[in-house]
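Structure first, commentary second.
Chains here go by letter, A, B, C and D, matching the order in which they are written, and residues are numbered from 1 within each.
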């Protein structure tokens, strides 16, 4: 099943299961992204609400419905629309449980079906802003594969806290078998896609596929373990520590801006807490807006060549001391 | 009824006055925004609401929360940051809430609670529960974009929302004349919703208007906008007392004080009734302060409790 | 004048049609939002503006940029991502700008450019430069909070801003009836600004209304809101062609096509004049495409140029 | 001179120097924070603009004025108001130079005179969100002392790019001599407040004062170098590398949320690029909203005790290998 279809199946299964669950967003009935297509016909128009272009309002609307007992998925057409809703997500929904001493819960999923770059969309449509939400302590999910997308979306919907769920644009066309029966991938559990003993490569989102391809390419030379966090917040530090315990080396491959990004968090936590034999490395975006021209865009995004160089470098580095 | 309205207003007034004393005595941390002068608005609006109806409140929220029926003892405990506070000491003045009474919380961000009211109102329609949602905001809040976005949706979907603008003439130091083009009533009316100006110093007028709005809302006739003209007798917040700010004249304050809703409504009650209520209120608030002071202080080891509804525990800021 | 208006509209129309071909041929990356059908709005408004006047544009910006006078050769080069593009290939369709002509850029975020117009207009007043600023946005954009915030300020301070709402009936798939409560004209009027509905398929009507607005603005009489009723003949963006979306009927499209501003204005010109202009335009656009194709592609090593005006160079995404 | 006065002096000096410079924000004429007090009287009401409560709008207003040739300081009364303006800052102002191929410049300072916690203001008024802007590549300044506040505010105003300038609430009452004559502290230059040879402590914002106090306390036991980045983006990596070259050990003391925060960036960059003799450590906020009750608030903020423990731990740690 295609990743995108898996998202649709997750929504459909959960809407069938929980009659209170509803979807809001722009054009969610016609569904430009295809994910919410048919849901209005299947579950009724009052379960799939097309909203005026008012992101702050409809984000807060979901909070209000959640406070009144509903679960909600809020779709955003572009990752940068989360900036408009940032106050409502990070400063309202996320904080309400604490601020009310545990009275309130806000089980809302902030859903971007197609985050990150998709060649040619330029600076305002290509951001991958998950690190901002992780910084705010908001649960943040970024599945790399179709089955994980399914299981994590189900888990996110059932979760009692706000969850930011980004489906990387570059992962949408990928395929993976997805069981017919509903299942959950619990938030906070990583996945080792490929075992290896020379180096742990943490690859984030769609870059998992790229890292796996590189692991194949380098198989004769280097044994790469490919670690997919799946959930960025909370992060599966235990699984990572176990992996690094085996490999002693770490490279992070991350399609977010470099500074204060998820890769920084992973490197920092590993440097503090895990037994590294050599200095770790990040391969990330630079902190630049994505330029329009495709040549420039590709130069601004992290690449497989950069990853290969970083992996080789880290593996060859002397044990430090 | 008048006696009950007076009792509520008196409770708010004296609650606020005690709060100021406790802030000055450093028993309450931070700042609070006094509701003194505006009591008729919260009191009139909430008197038109039922227990299950929803309100969203503001930084200046004590009046709304009291009028909606919250236990003043647990409110006071909250302001003192105690474990028996409505929010277990986690929220304080700007986040005080009681979901059992539909009080979706004060809010530290101007107008940010407005869309919560729309979401709750929509849910009420879906559930056919008959619940209506009132959202309070100031003249300053009326200029926030999110409020317009919410008015549009509420009008478009005919949601049972009551937009209660407490126009006290100022957003901190900025007068309404310097903040607001045109007319708030006309803005609301342009969305196709019922909109009226109300004398916010007259609790009966507010109650009347609110009843009309609630009726329309419950009848499926959509939202109403009430611009309640009122005044705050003191500074923007408790900290303003030590600042020398000259944005309002003494004359202006004095002339509004003549319309003090407690005086006006109190006069109508007769001295004996009024005195009895005042005494009751004093006793209640004595109890509230006592209750709050007796309540335990939170244990620092619990600082990471209640962060996630799912029970997730955050990591510490230092690795172990 | 009519000939010039027609020439501009024809340039926009044919520019867009060529752009679609180039998108389909993968010579232009990403998606573009066609302005076809709405030409009379940009053309009429910009014909009322001077070179120094400012516009802020939208995701559907090519028409505005052409009408304000940008070089179509450099526009086309921008869309092809070339170094001679107006934005040196960094911006593309959604960010195309020419500050020498007061074109503050298309914008990928709905209504986000509106406050730029207010800031530029305020600066113009301070500098007594006589400049006015027009901000374009759609019926969808009219529901964004930031637009209301901007209308409030512009009306309050009587800024020389022209709010040009291009009401083409839809925000992507959402009809105006399903997005918008009440009346846009009344909303604007409630801020105390001049507001009028304009036939957005009639370039003379748009020009007339825009002239009135510019006059008021330059005379210090404050902002004007123009709701230009128009229609887009094609999908929301080039990618919609491959989607099967049923939000508009063929009949509806056909009936608006009868009012095609190019047909209407073209008829008034006489066949010979029209044919000559059409030929000129074709030649210009041939040149533009040729110019764009000849222009160099940016060098990937320059990916970090122009990030900071101060010349700061960002670090690479991999440590050296 | 008090920190707060130094801010006022910087504004006054720059307004005198550049007649196009103006200030916008809420209550900037009466000036609750005291920083803009008197500026309207001195320079005219059209240089100090009180704005309606419309943060998105007045942030974009500043952009428009900047595009028309002005410089502007936008004041926000609370750090979380930056969330409302996030799209306008990070997705518009910050990107315009690149998006327009270098045509546009947006010399605007986003100024929060009093960021971070100030006991008792609870969850929505106590955030310290600088890491979000650093992530977006926005120049970000957080001075610890009065003279730096002066020199950095002047530099920020004169800079041709958007700059987020946060003055930590806890630093406002501190004093330092400030020369009478105008001067600039260039963006991107760190400051070593105290030299030491056992460990480099990077302290951020007001925590510099705390770190210095601890350095005194521990003087007999440990020689602490106290490093103040002053500008968070761009960061003075060279100065830090030189410091760590001397000490070989690193602790970061940072009043932001932990995950993807500035401390993560510092630790990550050091781990990748600098010669660490022992695993570094962060002392930060946990990723929690600040609770109201003072006991809880203090428990959620990073503390000097935690710093002392971390410093001792890092200094005693065996050289790794």
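We adopt the following convention: contacts are C-beta pairs under 8 Å (C-beta built on N, C-alpha and C of every residue); 3 or more make two chains touch, one makes a residue touch a chain.
This one's a predicted model, so the numbers in the text were calculated from it and none came from an experiment.
Note on connectivity: the fewest steps through touching chains from chain B to chain D is 1. Using the contact threshold fixed earlier, the set of chains in contact with both chain A and chain B is C, D. Farthest chain from chain A (centres taken as the mean of C-alpha atoms): B. Each chain gets a centre from the mean of its Cα atoms; for chain A and chain C, those two points are 34 Å apart. Centroid to centroid, with C-alpha atoms defining each point, chain A and chain D lie 29 Å apart. Centroid to centroid, with C-alpha atoms defining each point, chain B and chain C lie 44 Å apart. Each chain gets one centre point, the mean of its Cα atoms, and the points for chain C and chain D are 39 Å apart.
The multi-chain contact residues of chain D, meaning those touching 2 or more other chains, are 52, 54, 56-57, 80, 84, 87, 91, 98-99, 122-124, 137, 269, 272-273, 281-282, 287-289, 291. Counting partner chains per residue, chain C shows two or more touched chains at residues 87, 89-91, 95, 107, 109, 143-146, 149, 152-153, 156, 178-180, 307, 314, 319.
Judged by the touch criterion defined above, the protein chains are all mutually in contact, each touching every other. Looking at the complex, you find that chain B touches chain A at residues 54, 56, 85-91, 95, 97-99, 104-105, 107, 109, 112-124, 126, 131, 133, 145-146, 149-150, 152-153, 156, 305-310, 312, 314, 319.
Residues 80, 83-84, 86-87, 90-91, 94-95, 98-99, 122-124, 127, 131-132, 134-137, 233, 235, 256-257, 259-265, 267-273, 276, 279-282, 287-289, 291, 319-321 of chain D touch chain A in their complex.
Those residues of chain C lying in contact with chain B across their complex are 143-149, 151-156, 178-183, 186-187, 189-193. Those residues of chain D whose C-beta lies close enough to touch chain C in the complex are 46, 51-52, 54, 56-70, 87-88, 91-92, 96-107, 137, 139, 159-161, 188, 234, 269, 272-273.
Those residues of chain A that touch chain C in the shared complex are 26-27, 29-30, 32, 50, 52-54, 56-57, 78, 80-81, 84, 118-125, 258, 281-289, 291-296, 298-300, 302, 306, 309-310.
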